[in-house]
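Okay, so subunit A shows up in both of these, paired with subunit B first and subunit C after.
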Partner chain A sequence: MENITKKIRAVAKQALINKEIDKILGWKKGDLWSESYPVFITKPEDADSLIWDSFCINNLSKYLIKELPKYDKIGIFIKGCDSTSFNQLLKDNRINRENVVLYGIPCEGMVDPEKVKKIMLNDRVTRVKKSENGFTLTNKNTSKDVLGEEIKYDKCLTCTSPNPVVYDQLLGDVVNNNVNREDRFKGVEEIESMTPDERYNFWKGEFQRCLRCNACRDICPACSCVKCVFDNSDAEISGKAKTEGEDTFFHIVRAYHVAGRCVDCGECARICPAGIPLDKLNRKIIKDINEVYGEFNAGLDSTTPAPLVTFKLEDADTFSKQGGK
Partner chain B sequence: MSLDTNTNIIDKNEEFKPLIVAFCCNWCSYAGADLAGTSRLNYPANIKIIRVPCSCRVNINFVLRAFQNGADGVVIAGCHPGDCHYSTGNYHTRRRFSLITNLAEYVGVEKERFKVDWISAAEGNKFATVMNDILEDVYKLGPNKKLRDARWKI
Partner chain C sequence: MKKILKTKLPELWQKIDADFDLFLPIEKNKTLNFSLWKEGEKVNLDRVRTNASPKHLVFPQTETYLKFKNENKKLSLEVVEAEGDEYVLFGVRPCDVKSFKLLDNIFLRDPVDTYYKVHRDRGIIISLGCSNPEDTCFCTSFGVEAASAPEGADIAAWDMGDSFLWKTQSEKGQKLMESVEEFFTDAHEKDLKTLEHEKDNIREKLKELPFSNIDLSKIKGTQQEIFDQEEIWNEFSEKCLACGTCSYLCPTCHCYDLCDYKGSNKGEKFRCWDSCMSSDFTLMAHGNPRTSQMQRLRQRFMHKLVYYPKNHEGVYSCVGCGRCADRCPVHIDIVKIIKKLGGEKNEL
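== the complex of A and B ==
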């Protein structure tokens, strides 16, 4: 990780000095061990604050929507899941590929501070360092070795794209992780096996914690509308009442609006302050698309049309057996 | 008035009358409903038809709002694939509502409550059968309480 940090700083400094780019998006260390913030850098001397560690979870590609109109050329560091988001933004015509320089970073998975806190509760962790087989958690007096699986984000455990799928320059070595693409659907299958009432009660329990903070929408690389329907008071879609029906309404519509464009980065579930497993809604749609219309992975490239903007004459459907004419 | 008659009145009022909202495409299914009417076919009066220009005009919001505001079942009816007035509209309906049907089932709405079907302008009979079938299914399931807006009273 230190090697990549060095490379990041060197690359950023060089590119800014040579005026290849006007601005670079990366991460810097926050005050706490668990915080790595996005940072936008325009001066070469600031490049030394850039870092790469196990907490650079934030996806920087969505910032391009706001930053690109202001600058001619922007450099950005992207992980595997960020690169699929980048492709999706390209496909949605939200950004221009020519104005962006991509520095890809293969990623071995990010560490969930909440899981670390659970392991060393009240022990005041001061450092989390990558070791040979996993991670070493250190506090004032002791240190403890844990496996990567114990403290990585759930979404990283089923990650299918650890390596960037699009980049101009790759920093670091390609990572192998042997995750079966189908593994991510296990949670969905669990819910599918319930009865309708059980399913409804499950989701009711989850949705009633919803604060309607819209964080899931704001972080989503597929939710890139200039004006979201939920912000448009004329559309009469956004009900502000805190009722069971409105919460369910919001979440179904949110999941459906990204159908076929969701890159399965799992950011919505990670960011949710109430811990609602939103990825299980999105994955249900991905699973259905795969089953009914053939395997489709949004974000793997920027040209294949999404399943819901296209059709075939001989398409099957799920509501009648014959599938229509 | 005796006590008996009173209870009878209450019983009658509380008898479950399903409310079905049917989104019908202007060019086929709405005409199909017309044909069912002019052919003097029987279909239940609990069906409230909402005319839409094309079945692909139906948004997921419409369906959810219908359930929230008192519907016990929702039907979406459009031209048969290939017969769309706008050439391709119902192909999109087919893909969208395949996913939405599954998604609604996934969050716990019984699949009998939500139906998508193709009804052409010549299929007055089919219109009556589809509507009778969904009414029967919904009647068996009883009133819909899921997704219901708590402020809504019927």
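== the complex of A and C ==
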């Protein structure tokens, strides 16, 4: 990881000095062991604060929507899941490929601070460091070895594209995480096996905790409308009311809106302050799409038409018969 | 001072639950929040910080106060009373206890907010000392006493390992205490000594926290000067997602919006939490005075660190609970802002 940090700094500095880019989006270390956060850099000398570690979870792609209109060319570091997000933004015509320089980073998975705290809560962890078989958690007095599976984010445990699927330059060796593509649907299958009433109650219970903070929408690379319907006060559905009907409405509209465009990056579920498993909702739709239209992974490239916006005569569902209830 | 063995807690919860709505930090689906207690719920009193603050109990996220109907061209109005019974809130950390006082400053001054007052009057607050503060806690910077009994708690409690010590601090607390006396014994001299020891322990731990030395006095300049530091506000807001996580989780954020549900011939007027981070914040008939995210993010921190103290004898509208530091998806938090406004170079 230190090696990649060195590369990141060198690449950023050079590109800024050579004026190949006007700005670079990367990550920086905060005061806490768990804190690596987005930083935007325009001065070559600031490039030395860039880092790469097990907490660089933030996807920088979505920032391009707001940043690109201000600059001619922007450089950005991109992990596997960030790269699929990038492709989706391209496909939705929200950004231009020519204005971006992509530095790809093969990703070995990011660490979930919540999981670390569960293992060493109240023991004042000061450092989490990659070790041979996993990680070493250290505090003032002691250290503890844990396996990667114990502390990686859920989304990383089922990640099917740890290597960037699009980049201009790759910094680091390709990783192989041996994930079974089907594993990510286990959570969906659990819910599918419930009776309709159980399913209804399950989601009702989940949505009840929703704070309507909109973080799931705001971090999502498939949510890129210029004006979201939930921000449109004229539409009278801006829906700040915390009621069962409004919460359900919000979630169903959101899930359907990203159907076929959700890249399964898992960011919505990761950042939800209410711990709502939005990934299960999105993945249900991905699974259905796969079953009905054939396997499709949004974001794998930026050109394949998405199944829900295209119609072919040989489609499994020809719309000729009445579907649903 | 009274003492209760932890093994007696289930009985205590039952007894309190018979007379009151009992809210405890309950763990459910990866989150810890103050929720209504039921037999079998997973109560977690070890972790200091609940995901959301308990402010929803005194300031519900959505509250209907008026219903209206139009029948045969005749308009009728029905005032809706504040809902909810008397309740006991156990395990409130000193920072959250203080946040109630900060909300009182807003809602109980003239004209008194009658809904808030009803919720506030109905509650009995039992605080719990923070034996194990988290990395992102920085309450000390805001004068919160995480070890001592916080002002505003009806009863103050401390975790002593296999028991809790309770100190009643108000009439309400005394009445509750009398109704559950059977589960308690008098604390001995020895217990009090151990408590003093525990308090010292807590203070030591607080000193070692990464943010323990946040210094607000370093923020210099007039309101206008701080407001005008656009470079700083831009740097932060560039990265802000404009989600409302920070304000909705924050125990002291209290902005609300007034909205209507409109049916064809009847409807409801309600108020609900607002957030300076949402695009329609401060939207008025004439338009919106805050059109950029920079202006909205600036509002959040100006409110906490400048406007509120100006209106309330220098008291900041932050209690250092660390929720924003813990949950902002992109790690913008009030600690970074304080440091940056205080002139620390290396932030951002």
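The criterion applied here is as follows: the second predicted complex is superposed on the first by the 314 of 325 C-alpha atoms of A that agree within 3 Å, B and C clash if a C-alpha of one lies under 4 Å from a C-alpha of the other, contacts with A are read in each partner's own complex, and residues count from 1 in each chain.
To be clear about the criterion, a contact is a pair of C-beta atoms (placed from the backbone, for glycine too) under 8 Å apart; a residue touches a chain by one contact, two chains touch by 3 or more.
It should be emphasised that the depicted structure is a prediction, and the values quoted were computed from it without experimental measurement.
*Asks:* Which of the two partners, first being subunit B and second being subunit C, lies in contact with A:V39: first, second, both, or neither?
*Replies:* In the superposition, A:V39 contacts subunit C only.
*Asks:* State whether A:P307 touches subunit B only (first), subunit C only (second), both chains, or neither.
*Replies:* first
*Asks:* Which partner does A:Y256 reach: the first (subunit B), the second (subunit C), both, or neither?
*Replies:* Only subunit B is touched by A:Y256; subunit C is not.
*Asks:* Quick one: is A:A241 in contact with subunit B, with subunit C, with both, or with neither? Answer first, second, both or neither.
*Replies:* both
*Asks:* Tell me the contact category for A:I191 with respect to subunit B and subunit C: first, second, both or neither.
*Replies:* Touch partner of A:I191: subunit B, not subunit C.
*Asks:* In the overlay, answer first, second, both or neither for which of subunit B and subunit C A:K284 touches.
*Replies:* A:K284 sits against subunit B, while subunit C stays out of touch.
*Asks:* Once the shared chain is lined up, is A:D112 touching subunit B (first), subunit C (second), both, or neither of them?
*Replies:* In the superposition, A:D112 contacts neither subunit B nor subunit C.
*Asks:* With the two complexes superposed on chain A, say which partner A:R199 touches: subunit B (first), subunit C (second), both, or neither.
*Replies:* So A:R199 only meets subunit B here.
*Asks:* Per the contact definition in the header, classify A:D82: touching subunit B only (first), subunit C only (second), both, or neither.
*Replies:* It touches nothing on subunit B or subunit C.
*Asks:* Using the superposition on chain A as set up above, list the residues of subunit A that contact both subunit B and subunit C.
*Replies:* Residues common to the subunit A contacts of subunit C and of subunit B are 241, 243, listed in rising order.
*Asks:* Please output the residues of subunit A touching subunit C within their complex, sorted ascending.
*Replies:* 28, 30-32, 34-40, 58, 63, 66-67, 114, 117, 121-122, 124-125, 206, 209, 211-215, 217-219, 231, 233, 236, 238, 240-243, 271, 273-277
*Asks:* For a test of understanding, state which residues of subunit A touch subunit B in their complex under the given definition.
*Replies:* Checking each residue of subunit A against subunit B gives 191-192, 196-204, 237, 241, 243-246, 248-249, 252-253, 255-256, 259, 281, 284-285, 288-289, 292-293, 307-308, 311-313, 315-320, 324-325.
*Asks:* Quick one: which bits of subunit C touch subunit A in the complex? Just the residue numbers, please.
*Replies:* Residue list for subunit C touching subunit A: 28-31, 33, 46-47, 51-52, 60-62, 132, 134-136, 208, 210-211, 235, 238-239, 241-245, 248-249, 257, 259, 261-262, 270, 272-275, 278-280, 283, 327, 329-332, 335-336, 348.
*Asks:* Over in the complex, which subunit B residues touch subunit A? Could you list them?
*Replies:* 60-61, 64-65, 67-68, 80-83, 88, 91-92, 94-111, 115-118, 146-151
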